Amino acid sequence: MAGLIWDKGNATVDERIMRFLAGEDVLLDQALFTYDIRASIAHVRGLSRIAVLTAEESATICHELTQLEQLFHSGAFVLDARFEDGHSAIEAHLVEQLGEVGKKVHTGRSRNDQVLVAQRLYLLDALDAIVELCVQAARIALERADLGRDIPMPGYTHLQRAVPSSVGLWFAAFAEAFIDDAHFASMTRSCLDSNPLGTAAGYGVNLALDREGVTAELGFARMQLNPIYTQNSRGKFELQALMALNQCLLDVRRLAWDLSLFTTGEFDFVTLPDQYTTGSSIMPNKRNPDVIELLRAATAPTHGAINELMSLLSLPSGYHRDLQATKGPVLRALTAGLDALALIPQLLAHLEFRPARLRAAITPDMYATDRAIELASEGVPFREAYRRTAAELDTLADRTPEASLNARTSPGATADLRLDLLEARLDQIRVGL
Amino acid sequence: MAGLIWDKGNATVDERIMRFLAGEDVLLDQALFTYDIRASIAHVRGLSRIAVLTAEESATICHELTQLEQLFHSGAFVLDARFEDGHSAIEAHLVEQLGEVGKKVHTGRSRNDQVLVAQRLYLLDALDAIVELCVQAARIALERADLGRDIPMPGYTHLQRAVPSSVGLWFAAFAEAFIDDAHFASMTRSCLDSNPLGTAAGYGVNLALDREGVTAELGFARMQLNPIYTQNSRGKFELQALMALNQCLLDVRRLAWDLSLFTTGEFDFVTLPDQYTTGSSIMPNKRNPDVIELLRAATAPTHGAINELMSLLSLPSGYHRDLQATKGPVLRALTAGLDALALIPQLLAHLEFRPARLRAAITPDMYATDRAIELASEGVPFREAYRRTAAELDTLADRTPEASLNARTSPGATADLRLDLLEARLDQIRVGL
Amino acid sequence: MAGLIWDKGNATVDERIMRFLAGEDVLLDQALFTYDIRASIAHVRGLSRIAVLTAEESATICHELTQLEQLFHSGAFVLDARFEDGHSAIEAHLVEQLGEVGKKVHTGRSRNDQVLVAQRLYLLDALDAIVELCVQAARIALERADLGRDIPMPGYTHLQRAVPSSVGLWFAAFAEAFIDDAHFASMTRSCLDSNPLGTAAGYGVNLALDREGVTAELGFARMQLNPIYTQNSRGKFELQALMALNQCLLDVRRLAWDLSLFTTGEFDFVTLPDQYTTGSSIMPNKRNPDVIELLRAATAPTHGAINELMSLLSLPSGYHRDLQATKGPVLRALTAGLDALALIPQLLAHLEFRPARLRAAITPDMYATDRAIELASEGVPFREAYRRTAAELDTLADRTPEASLNARTSPGATADLRLDLLEARLDQIRVGL
Amino acid sequence: MAGLIWDKGNATVDERIMRFLAGEDVLLDQALFTYDIRASIAHVRGLSRIAVLTAEESATICHELTQLEQLFHSGAFVLDARFEDGHSAIEAHLVEQLGEVGKKVHTGRSRNDQVLVAQRLYLLDALDAIVELCVQAARIALERADLGRDIPMPGYTHLQRAVPSSVGLWFAAFAEAFIDDAHFASMTRSCLDSNPLGTAAGYGVNLALDREGVTAELGFARMQLNPIYTQNSRGKFELQALMALNQCLLDVRRLAWDLSLFTTGEFDFVTLPDQYTTGSSIMPNKRNPDVIELLRAATAPTHGAINELMSLLSLPSGYHRDLQATKGPVLRALTAGLDALALIPQLLAHLEFRPARLRAAITPDMYATDRAIELASEGVPFREAYRRTAAELDTLADRTPEASLNARTSPGATADLRLDLLEARLDQIRVGL
């Protein structure tokens, strides 16, 4: 392992313990490395503005950091177990390339705020991606809601056939869900949009760091001011991002459950394009909706990670090494969740509903609520109308799904989906980005 | 039990199963009953605006509902196991008092949207309370930060003494934490601020309900449009409110951990007022900081409830009885969490720090970082300055905490807490309410 | 509130803080009160054996404790908010009835081991109940497996029709599940079967307590020896009991999911007796399988409670007040879980499968695996047989479910359910109790 | 990717969806590959015993499988993204090496039981490792308890100094904890010790598989009989293993918390060997107990994985692709947990307690409980003795820790640790393995 940056020349190293300490850290840092470099450049420029580095030193280091980013992207620089972590790798590379000057990069910062700023930038990008994917999913769901507004399908409560519904109503439900999710993710992003760099190990440093300048350069909305709180927010902010992801994935799970049922032989309401199914290793007759099932399972890593973080966050103020263990679950859950979310827009676009099967599943008793409310509108007390209708279910046979759908004229219901209102909320979110 | 509202005259009732079905529902509904009445009044007025009820019928029912609310508050009307739930109790009461007219209250709504609107109103109030308590806590923390800015105390990382810090920095950390929490809770409130009433059992009704009017009367910012999504949001919205609470309670836990350590005989940094301690049943010498420990434990019910909800939310679209089981954990966690949060402002106000003990715990080696950065400012590469300082820790004995605190001039650090910026954020939240 | 037993005459009491401290403790103690009395009797007898109490004092106190148990059961003694907790209530009652002698009951014990022994006895009883209910459920599932062995039903993977199965195979699956659950709960019980009483506040006392005698009198298998560990096991042992419950409830959830699908209009495989369904408040046509859905939801309180406990258990050694907060979730989850479990045996007994519907759902392509394996048995490489069969699915139309079921002769499969082996495991568990 | 084993010649492949489907599966299978090979050999031998394969075919395939295992261990065969999963890799390798004969390996099994048997064997080995490490930790804790029985240290409740304790009592607490953990893990192992192979995709096959023979050859205690239950147990059994691990890690967390406090400057009770500490990147004066903190954090992955599994297990009977997602969290949590556990024995062996510091922290008021109980033994009612002692705390100054420790003679207390009883339990576990 390349020189430990905290080694004062006498570190006793036990191989097994070192491995336990390092864990998978350096591998996880691959996802953060670009952000770390970007923040390092801003830090160095800030140091030159307060004359801790000369303009020349700053330019030299920043140039080398930009080089490093390119080497990393091209694969010429590999971040692996030779390094304790990504932060050490950056410093080691600078020292190797620039000698003495490279040793100056860490002035006025600690790995504690260095990792925080890289993770913060990563979180903001992840939240942007969540917003974008939810917006895409909602956009397609709105289109399909519009196309499906006149296609009747059974509506269920308790998984029992209840009243007539429409394909349009079903798609509009997911449109509104993903709009809410985009809204929440976007607001969460604004909550987290603060710069931790410049707070050192949790108690600041004896320098007049240009935190405003660094904050602006990195595009943050504000400084995270208090150094102790900055450390205390590690894990807490990550949790917030995971919760935003979780809300979307709960809707993905709901969607996957619907499709899992709709594609059974018994319901047979929806056909999945071939690319969403796989075969069995033993049963030649099977086509299985594996993608749907893995989407249903996609909440799990986030659910697990939320608990993994909560388990870690029972600590006094200040940095503790426990907090390093937040990195793995956060990166894994965000990656897995975004992978799942990325499939939703096209899945929604390609679902093939089977109108004849849907219509055939609407039985006459499902008009009973319509009838009871008609009686109530005519002045029969509703509880009375309810009892009377229950006794005459056989009189409903000549009704049609279309008439039932058209009669539901309240805002949001089948005859008045108000897709324009949903679209307007969606546009507001896009503008917000 | 008073008549089951879904009984068509032939319900087979098994006592044990009925008890299992009812659970603690009617008791939990005590917390929702006022909201349920309020929403029922708005619903009835809406029905009269679309002429499903006459103005007279509406006035009669609304008067009786207002009466019921007073009877409930005075204790003259008791919501207990005589009723299946609060919703049935309202209808039963109206029928008992008003006869036929009372049977009209349920026209155009289902218990599914009725319970949702009551819970939604409850959630919004709970979020308001969270915001208010966080604002109070932050306000007091800011005052104490101002008073404590010149009182040195040791700063810890890894629970090891690290660098000098100040009582002001410590209080400011919790001020910023509770400001973030208030901010997040307030934004979460705006996400949930939508009216579910008027979506019936998840598929709307064949009436042109005046949903805009009802939404305005109940003070919601917007309608929750889609009836299927409205049902699908049950549990999801509750989860969002719990997550907002959870963020505050994580900071409460951090605070409690600090105080649990600071009140040990070993640290002995803080004295707790007597009312925050209790005695032992066997050890005559003990005063125990029980309140602090229960505050540390206060995250647990919310953590449990979040998982309890996530466990329930693996379902296809539409209402399922499983969703009823969200009520208990949500009410319990919000109640317990708010009870804990309500103690924080006064606790912060009454903490007595012991300056002499704090100062005595600052040892000379804790100035090493200051020294290394001074060398770095003079042009010594930081990694070099670090090594040199490590070799000369014994040269730091004549430094003082005050000098160290005053030298840290970056925004947010000990010499420049920027309490004004925090105060400004706090004021924005108050205005937002 | 009756005198605080730790009051030395100078307790400052703040009403709001006292309420926060007390929480729901005294109500929860109602479930533990009988156990607390029983353990108090054993403790007092132990004290008399080592001459700390005279035989007469012991007899007097024990008589009064027995009285108290009867008063509690009859409702003449009410454990409510007048007392800080159940432990204080016992001591207060003894002092009130017996004067000075009553004050001797607490010699040599602390509330810390007093509550532990009551909870331990409660946990062991709860585990016994879990075992008993699983055994009952398994017994009935075995009977129904025997009766249903020749009734064909479709077998699903990925919720897609896969191969023919039988009602017997389905019931035998739940029999084996509940046998495993009973086995695990019974072993968990044996792990927890140790007596914490006699370890005081976590460091023992300066008496030669007759712990062996008390352990034997209370029916524990062994002493929990180390006083520190005894305190550290609080929450840990409760977690173990909840995990045993959780395993059963996961099987209950699986069962409920099957029935939730089987009772849809689309599957229509199973009819539920009326007492397991309810109606809708708005839809006159509905009968809803609410019991099934609440059984599916029944895992949630345990899942929540497990996390609530894990959240609390991040502490150094020794008693902390945080541990008191374990009581609520444990009692609630065990009560809710046992209530659900108690419905399973009769539910299994009363399910009505519809043979004609089941048979109609078995389509010819479901014999493809049989065919592929026949070819493989004749020497065609399996992967080749698989491809060949997939190309000839239309040749399978004349096969029957019966032939398919009879051909599966491996142990455990449809033609050889091996119910005798399952019965033998079941008998072993009963003996073990 | 090497041929999909379920491809019938017409699979439509979308690269992005395939990646989502494959996930990290093939990498995770590296941990299971050896077990998969071992079970494949047993399966093939079983097929030859029922004449589905000739003795020669069986010998050829088994020889090749043994080769494959060697190639895998030597690194000559790499299991990577060329394959869909480990199961496909085995079959692909056999076909490549043996042609037609290789295609016969999958006769009578499905990937569903194939993966289950590999995971089951893995789980049993992991549980053995847990037992072994707990036994080692307990053994060393017992030795140190014996050595430390006369070294006084303060005992804490609520983190407040309470009564005198001893280093021996502290070590004995962890000895008993790890004995309980070993006991529970060993019993959990016996619960899971059943063979799933031979149940195919969840409905058996039309062959008379020699399941008894295969079960014996693989060393399982019994067959898992029912094919549906076998599938339903996926995730459930893994959860059980994780819960056994979780119990140990809760004790590790408790231990780490103690050491985290004991190594602060304020307590200063314990010195950690150098290899358990690291330095800071910015503070030259720091040595941080990182290993201790990461051990405290080591519960988190298991806590997360337990929830990740619970999140997945809300499904109807039979195999669903969701269940594949159990693999990652289980392997990661067991690996991380075992890595942490493996450090405990040597850590316990190398802790250096500082007797002078420990003794100095024992203050006279800590003898108050001793005094109150002495009074009680002389006949003063305990509650009276308690009040009297509280009023005379200043009379306790001439007492010694040694006298206090020696007076606590109940079984398990400082004067009678009963290490022999603990040792006896430990020996029983070893024999049980």
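The chains carry the letters A, B, C and D, assigned in the order they are written, with residues numbered from 1 in each.
In this text, a contact is a pair of C-beta atoms (placed from the backbone, for glycine too) under 8 Å apart; a residue touches a chain by one contact, two chains touch by 3 or more.
Note that this is a predicted model, so its numbers are computed, not measured.
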{"item": "Centroid-based (C-alpha) most distant chain relative to subunit D", "value": "B"}
{"item": "Of A-B and A-D, whichever chain pair has more C-beta contact pairs", "value": "A-B"}
{"item": "Distance from subunit C to subunit A - Cα centre to Cα centre, in angstrom", "value": "36"}
{"item": "Euclidean distance of C-alpha centroids - subunit A vs subunit B, Å", "value": "23"}
{"item": "Whole-Å gap between the CA centroids of subunit A and subunit D", "value": "31"}
{"item": "Touching two or more other chains - residues of subunit D", "value": "5, 8, 106, 112, 157-159, 162-163, 200-201, 205, 260-261, 280, 282-284, 286, 288, 290, 293, 296, 299, 303, 306-307, 310-311, 314, 320-321, 369, 387, 390"}
{"item": "Residues on subunit C engaged by subunit A in the complex (per definition of touch)", "value": "157-163, 260-261, 263-267, 280, 282-290, 293, 307, 310-311, 314, 361, 363, 365-366, 368-369, 371-372, 386-387, 389-390, 393"}
{"item": "Residues of subunit B that touch subunit C when the two form their complex", "value": "4-8, 11-14, 16-17, 20-21, 23, 87, 106, 109-112, 200-201, 205, 273-276, 278-284, 286, 288, 290-291, 293-294, 296-297, 299-301, 303-309, 311-312, 320-322, 324-325, 328-329, 339-340, 342-343"}
{"item": "For the subunit B and subunit A complex, residues of the former touching the latter", "value": "5, 8-9, 52, 91, 95, 100-108, 112, 155-159, 162-165, 169-170, 172-177, 180, 183-184, 187-188, 190-191, 198-209, 211-212, 223-229, 231-233, 236, 239-240, 243, 246-247, 250-251, 253-254, 257-258, 260-261, 296, 299, 303, 306-307, 310, 313-321, 369-370, 373-374, 376-377, 381-384, 387, 390-391, 404, 407-414, 417-418, 421-422"}
